[in-house]
Every structure is written in structure tokens, then in C-alpha cells.
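Multiple structures follow.
Each of the next two complexes has chain A plus one other chain: chain B in the first, chain C in the second.
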Partner chain A sequence: MAPKNKNPNGENVVPEVQQKKTQALILKSSDGEEFSISKSAAGLSVAIKNMMEDDCAGGVIPLPLVDGGTLARVITYLNKHAEDGASDEDKRKFDEEFLSGMEVDVLCDVALAGNYLDIRGLFHDVCQRIVNGMKNKSVEWVRKTFRIESDFTAEEEEQIKKEYAWAWEGVDSDAD
Partner chain B sequence: MGLSFSFLARSGSSAAAASSRETGLGDLPESCVASVLSYLDPPQICRVAMLNRAFKGASSADFVWESKLPLNYEDVIGRVFEKDGVSFKGLCKRDIYARLCRPNSFDGGTKRVWLDKTTGKTCMLISSNGLAITGIDDRRYWTRIPTEESRFYSVAYLQQIWWLELYGEIEFPFPAGSYSLFFRLQLGRIHKRFGRRLCNSEHVHGWDKKPARFQLSTSDGQEETKQCYLREPGKWIHYHAGDFIVPNSCKSMKVKFSMTQIDCTHTKGGLCVDSVMIVPVDRTRLQRF
Partner chain C sequence: MNACLPDDILEMCLVRLPLASLMNARLVCKKWRNLTTTSRFMQIRREGLFQSSWLFLFGVVKDGYCSGEIHALDVSLNQWHKIDSHTLKGRFLFSVASIQDDVYVVGGCSSLTNFGRVDRSSFKTHKGVLVFSPLTKSWRKVAAMKYARSSPILGTSEVNPDCFVFRNQQNRSDRRFYRPRVGGVSDVYEDPHRLSVRRQSRHSLDETDVSLFPSIKPCKFVRQKTEIHPAKMRLPLDFGVACSGVVCHGMFYVYSESDKLVGYDIERGYWVTIQTTPSPPRVHEYYPKLISCKGRLFMLSVSWCEGDGQIGRRNKAVRKLWELDLMYLNWKEMSTHPDAPMDWNAAFVADEELIFGVEMFKIFGQVLDFVTMFNVSDVRTGWNHISRNHATHDLDASSCMTKSMAVLRL
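What follows is the complex of A and B.
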């Protein structure tokens, strides 16, 4: 493991440690926080990579759809995945821990950021986690847990159930 | 609360205010939700449509369903529906998936193919009418009897014969994967009396002397042979003839299969032949068939 990548503050990486890397750039969140990140880590985001190639903003990249808290998390993720010495096993462990403690709202924010910044691995993991939370749960439960408000009338719900009847036929009772 | 509330409103406008309140799944733009949904299996995607309008929209996105369809689904449609295939024009991918999940008859109604709803994998059933059965037209040996216990409502019943030979083949654009092939057979003849299912075993004989031989081969050279004693009169049993692998979703693969018991030192009889079933190897809930 390269010592310059070591984070003195433990797992919650403060992006400033990247300053030692010669090639760094600044990401600016929707609420004005600035984070420095190495180009190699930032390049794991396809969207940022494209922006770097276009060389917009001269080293400062504004990300108006990502707030500071979320961006800090995303950068933690990117740093880990860009770390020179990190084995696949390390990364897998990190990914698991990274997502396991997240509340639904944080998870949704990270999903949004992962999608917007086009970080495939992160988006994949977040989706998988959200989906695991939805599997085999009642519609009401999912609405409550994921803060989704219904805008259907009872009749409309019946109608949709009919429209998708094929999907319900023969579904085992254990599915509910 | 507006009809489509924050969900759609946010996808277009700036979301800078995201931190002012807690984000829910309903706050993600529709394209992002659709990506999330593509991680669900199809019946679950349909359930999610019940959540609200935005989810309903996302749940019918073509790209969600494209990942659920077999890679070569267009070849499958061409093979199964032939000229009828045009009726698929203009259908969204979700509806194509739904259509392919129905038991679709082809080859003059002797075969059926459908996608397993949950996995999107291809399953197939070939009726006894779609098999070449030696002596089938001779009433001394074989009769066709109607029954509700067959998906085709008809089985071939063997009274007795020296030379038992069933043969079938199917040429089909199988999507890539591993498949198992089974013969669905039963010793004895079922009839109902006062609503009770009774088994008439009077013709059942000869099956304990020698095993029956099941064979399978494919146009790319895979071959398998199995021997098995037929057993348990009165019970439908799936006899495994073998597995084959389709490495790439190919234009077409030919699979030949047979069941024989041609030891002519004794006769055998009392056998119902229903169908041949081809299912993905990892299919675990066989009893449904």
C-alpha cells in the first residue's frame, strides 16, 4: 500500500490528503463545498472524466446536482477504488461496509450521484442494495420505507393490477 | 400534492435544494429509477408499477425490459409466430416480454414455448403428437386418449408392444444457456370415478426386466445417453434424458431426442406418453409442470 494514500483520520476520508498527488482537481458541490481529488480517482467517474477531457472550468468542476455530504461519500468511494495497493478483496469489503450503514435517504442521494456522475460500480452496488430492500415486500411497505407517495386512486390501482395480471398469475404466495 | 409531484419536477430542474429535506426514492429522476428497477425481476418490476405514476412510467421503460428479454428474442418470435410476427410491431418491450411468457403454440400446435416469467429463460414442451412413435397408427399397440392431466389434453397410451421407440426433434433458436430435457411419462392409465383419481395398471408389464434408454444429441455434436427403469404406476414422472448447452444465442440449433426399449425378448405395456420438456438446467421448481 502506498503510504501517501493513507488517511490519517481513519475511514472517513478527508479529500485534502490527495493534495500531495501532483495531479489534483477541485470538485464543487451544489452547496458550495470544495473537495480536492486526484485525477486518477476522479477519472473513475465517466462524467467527470469527460469534463476533464473537455477541460472546462480550469481545474474546478462544479457539480450542481450533488450536495456536499453526498459528494464527500462519493469521493471516499472513488479514493478507495483508485488506491494503488488495494486488492479486489479490499475493495469488496470496503464496498460492503460503505453501503451497509446508510439510511434510505442517504442511499437515494448516493444513487442519484452515482447515476449522474456515471460511476458504474457504485451505482450498481447502490441499486442492488435498494432492490434488496424492496424484494418481496408489500406495496405499502415499499412506499413507506422509500418515501414514495401514491398518486393513484383505488380504481386506478385495480386497473394497474389488471394490466399486469400476467405478472401476478402463479406467483407463489411466499412472494408477499 | 400534485399529480406527479417532486419526482418528475426534479428531473428537469436544478436539484440544488436536495439537502433541505430527506431524499426518498420518489425524488430520483425517472431514468434513474428505471435503472434501479432493471435490477428487479420482471414480476417485481410490475409490482413496483403500483407505487405511483412515476414508477409506473419507469417500470415500462424499454431499456428495463430489453435486459430481461433473451438476446435473440427476435429470432424466437420469427420462429414461433412466423407470419404472425408482425403483430409484435409497435409493442413495447414490456408487452413483448408478457406475450413471450404465455404458452405460445407453434409447429401446428404440437409444441409450446414460453419464457419463465421470473428468470426470462426459455422453456419448451413438445406434445406426444409432435413425436414419431413407432406403430402409433396400429390400434393393437397404441391409442390416443384424452386427459386433463396433459397440457395438450391428450396422451399416447401403449397397451403392449415389442419394439418401443419414441423419437423427436426440434430446430429452434435457443437463447444461450444450459438446458435439460425430460420425458413426462406415467405407467398405468388414469380414470376418474366419483371425482377420485384411480390408476388402472392392468396393462403395466415388462418395465422391470430392462431399463428404458433415453438419448439426446444436438447439431453441434453434444450427445448423451441414459438408462432408467420406469417406475411407480399412477404417477407422472419426468425422466431426464440429458442436458445440452447453447454457448451463444444462435440462429438455430437442432436437438434430437429419443426413448427406446427394444429388447425383443419380452413385451412391455401400460405406458402413458405425455410430452417432452426442455427447461433451463437451474430450473428448480419442476413440479409445476
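What follows is the complex of A and C.
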């Protein structure tokens, strides 16, 4: 059997795995920014991986639903997780820090991107982060943070509050 | 940016909320309320393991009356909630068991002459089974037991609808009145009766019923069309008074005050005596509690601290957790509880790999409560205190004796 690392002309080629690692790919955000990323890192996104396999990759993959700022964050995440030598513990620590500084708005954008690009770990972490912020917070805090107007009438709200009356004790003040 | 995540992503976030925050989220706006109240949503929440343990403390006595109050500890947020429940007013010595999102309250007594008080001079014993749904804070009645019971020993199990007990539509139950702590004779009742509680499991795929097995005891079993050998259906006469029971691997294990262990095979419908290596030595006044956790059988039992019997010093009592090796039937010590066993009626319940315990006792004129937790998959961590003295400041000392506890994933 012919060795796999020879092409039909008998020339040596870089094995595919290695090729993936070293080769770079360009991701293009909705606002036209271009980011270079290794194929191995990009492959952690199931969506990008599929695009690479379908070879719509002329080397540049347009991501019309992700803006530059968000894409930069996502790429940081992907690079860390594709890093050789990064232990699970390192990655966990990184994830923690990576998300901890983000505002709710930013978290939502990253969640959208994580979902669109199908990066499971990131998506789940971000969702968790978003709700962690909501724990022990009042309804008003949640409305303000997510910019939601209540469409309940005062009576309806009273009624619902009554239903679950016991669940509202011990909620933190809105100070933080 | 998006004040509005698309619904599917918003849903993926909201399923992760602990219950109290979820209740909050339902008040935010109509869309959130609609998203979070569907059965699909609750199913994702359940299956995604986003629920967390809630402990429910029942049967407290306040100012001399059984107030019916339920104290609930949200373990993940470490918050106590108090739920008023008129339904339970005046009732004491009932038993509780959790099945999915509900707590079943079985039997109990009410005073006839002094309504609301823990008064055993003249009382009525109930046979009713009440179901409490914390999610909706609602109560409903389900089929009653055939006979009235106080402090029945309960086990719950998922059983196949065509298993023995269902084919025969019978069940046994045991009666145990309150009696002095020491001594007492086992009440033996012939009590063939219909299964008390039967309900369709929500997981319609596996076609199981979730059943509540009210306790047992030596009981003659009225046979209908079965071929079971009668000898196998009786408990040994010297079994004594049942003090704790739990279902594990389709077997309803019951432990007696005379340190005997028996098991009722739910599928096949008969009792077997389980000969274990000698049970761990224990202090007589404290009855052991059986716990079933992740298919393993445990027991909490209070014993004298060995090797600490120095002259002039009083030996210390310690509460220990033992595991019964279900293959070789020997008891193995797992862990020692950090607290001195002050409550002889300490309640222990299991949820997944966690065992929760609550001890309540009166000291310095005040009833104190200590809630502890043990993870059977992580023995090295040992017992953790998860709450101290939150629920019980204003309760009567008799609460220690009448309390019972259930745990739910909510």
C-alpha cells in the first residue's frame, strides 16, 4: 500500500492532520473585519468545520451574523481551547476569567455567536453565566438589565405573585 | 444590542435558573412567563439536570399547635422559605415521601379533644394520603390507605404496571402508634389492602408507575391468584417493630428495632429475611435510619465511640453512616457524622448521590436545627453543614419529635 503521505506524483505532502493545524483560515465578520485563525481552532466550531468540509472555504469564511467585537472574543476562546498543552484545568480557569468581565449585552452576543457557530461548550457556559447573574435578583432588576417592559397589569402581577408567594422571600436588594 | 435573545436561546438560558429565580422570571413579562411555563420547558429543565435539591420540613409545632407550616430549604441558594398550609393544620405523626415534583403526606393523627394540639389522649388516626405540589403550592387528595396509620414507614419505587403488586391489587401496610421510646411490642396486623397510591409516571416512554409503599409489617397476605409460597410471605415473628424502611433496587428494605433487616421484593411480592453480618453496634435509644442512594443501601446509626472509654471520661456517642454491601451482605463504615447526636428523631433523606440530614433539639430554651449534607460519591469530603438554626427559632420542642422531611428536585 502506498504510504499516505505521498501524493499521486510520489511527492511528499504534509499529512492532513498537521496541515489542518498549521493552515490558517480567514473569518470575516458582519462588519467586514477579518480574523485569521488556525484550522484546528476553527474546527472546534461545528458550523465552521462543516463549511470547511463543504469547501466553501476559499480560505475566507464570511460570518454575516457575528460582529467583529464578538468574533474576536469567540476566536480568543477557540484559540485557548485548541492550544496544545492546555490542561482541562487551564481551560476551565480561562473560561471563568473569559466570561467574568462581560456585561449582559456582551454575554448575549457571545451566546448568539456560540449558538450560530455551534460551539457547545461556549454556548452552555455563556447561558449559565447569563442566568447566574439573575439569581437572587428582583424582577425589576431583570427587567432593567434585559430592557424588558412589563406587559402585565398590576392585578395580573399581584395574582402571579400570590401564586408563588413563598418563592420571593430572601431576594437580594438591587444595590449590586 | 439585543434586549431580546431569540426565544430558543432565551429558553436555553432560563431553563438553568434555580426554581426561586425561575418564579421571578415568570413575573418579568408575558413572553417569559409563557416560555417558562410549558411542560416542554419543565421537561428540559428536569432532563438537563438543572434542578436542584429542596428540603421540605414538615410537622412542626408552634405555640402548642400543629401549625401545618412547611419550611423549605432551597439548597442551591441556601434560602429558607416558609409555606403556610392549612391542609396540614392539626395533623401530626404523618409520614412524607417525595415522588418526582410532589410530596406525599400519609396518615397521621389529629387530636379530637384539643384540635390542633399534639395531644394523644384522644385522637383520630388518618388513612388519607395528601399530595403537596410545591411548584403550584397546591394540595390534592389521592386514594386513601385502607387503614389509618400514624408514622407509617414509607418507601417509593417505580414499578412496572404488570408486576406482582399490581396484578393482585393489594398491598400491605403497617400500623405503629406512638409509644414510649423504650420497649413496645410490634403491632401485627393482617392488612391486605389495595395499593394506596398509583400514578402514571410522567416519563410515558418507560411505562412505569410510581408507587408509594406504605409500610409494612408482619402481615398475612391475602392471596388472590398468585402462586407464591405462603411461608415466604411472612415476616419472621421476632422481627420486632419496624423503625425504618426504604426502597432500593426493587426491594423494600425494612429495619426493625431489634436490628433485623427484611426486604420485600416488589416485583415478585414476597418478604425475605436478610441475613447480614452483625449490624453495627448502636445506642439503643436511637433507631437506625435506612437510606437508599444511587442504588446503594445505607444506614445511619448511633454508636458509642470506640476506644474513647477512658476512665473518668464518658464515652461519646457518634452517628455513623454504614453501607450494606448488597452482594456480600456486610455492613461497612462509611463516615462519621460531625455533630453529636442530640436528636434521636433526626431525619435523613437522599436525593441522587446526596444524603441530607436534619437534627433538631432544644437547648438553652431554644429549638435549634442543623442541616447537613453528605455526598456518597465523594466520601472524602465528609459531611457539610448547609444550614444552621434558620427554620426553628420559634418552634416548640415537640417539633423535634413530630418533624419529618422530604427532598425534591425542583
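Just so it is clear, the second predicted complex is superposed on the first by the 125 of 176 C-alpha atoms of A that agree within 3 Å, B and C clash if a C-alpha of one lies under 4 Å from a C-alpha of the other, contacts with A are read in each partner's own complex, and residues count from 1 in each chain.
Assume contacts are C-beta pairs under 8 Å (C-beta built on N, C-alpha and C of every residue); 3 or more make two chains touch, one makes a residue touch a chain.
Every value quoted in this text rests on a predicted model; they were computed, and no experiment measured them.
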Worksheet item: Which holds for A:D54: it touches chain B only (first), chain C only (second), both, or neither?
Response: neither
Discussion item. Just to be sure I read the superposition right, which of the two partners does A:L112 touch: chain B = first, chain C = second, or both, or neither?
Written reply: both
Discussion item. Applying the document's definition of touch, where does A:D151 land relative to chain B and chain C: first, second, both, or neither?
Written reply: both
Worksheet item: Who does A:V139 touch here: chain B (first), chain C (second), both, or neither?
Response: both
Worksheet item: Who does A:P64 touch here: chain B (first), chain C (second), both, or neither?
Response: first
Worksheet entry | Contacts of A:E89 with chain B and chain C, given as first, second, both or neither | neither
Worksheet item: Can you list the residues of chain A that touch chain B in one structure and chain C in the other?
Response: 105, 108-109, 111-112, 115, 123, 127-128, 130-131, 134-135, 139, 142-143, 146-152, 157, 160-161, 164, 166-168, 170-171
Response to the item:
Contacts from chain A onto chain C in the complex sit at residues 105-106, 108-109, 111-112, 115, 123, 127-128, 130-131, 134-139, 142-143, 146-152, 157, 160-161, 163-171
Practice prompt. Please give the residue numbers of chain C that touch chain A in the complex, ascending.
Written response: 1-3, 5-6, 9, 12-14, 16-21, 23-30, 32-33, 72, 77, 79-83, 136-137
Fill in: Residues of chain B that touch chain A when the two form their complex
1, 3-5, 14-16, 18-19, 22-29, 31-32, 35-36, 38-40, 42-53, 55-56, 98, 101-102, 117, 288
Worksheet item: Given the complex with chain B, which residues does chain A contribute to the contact?
Response: 30-31, 64-65, 67-70, 104-105, 108-109, 111-112, 115, 123, 127-128, 130-131, 134-135, 139, 142-143, 146-152, 157, 160-161, 164, 166-168, 170-171, 175
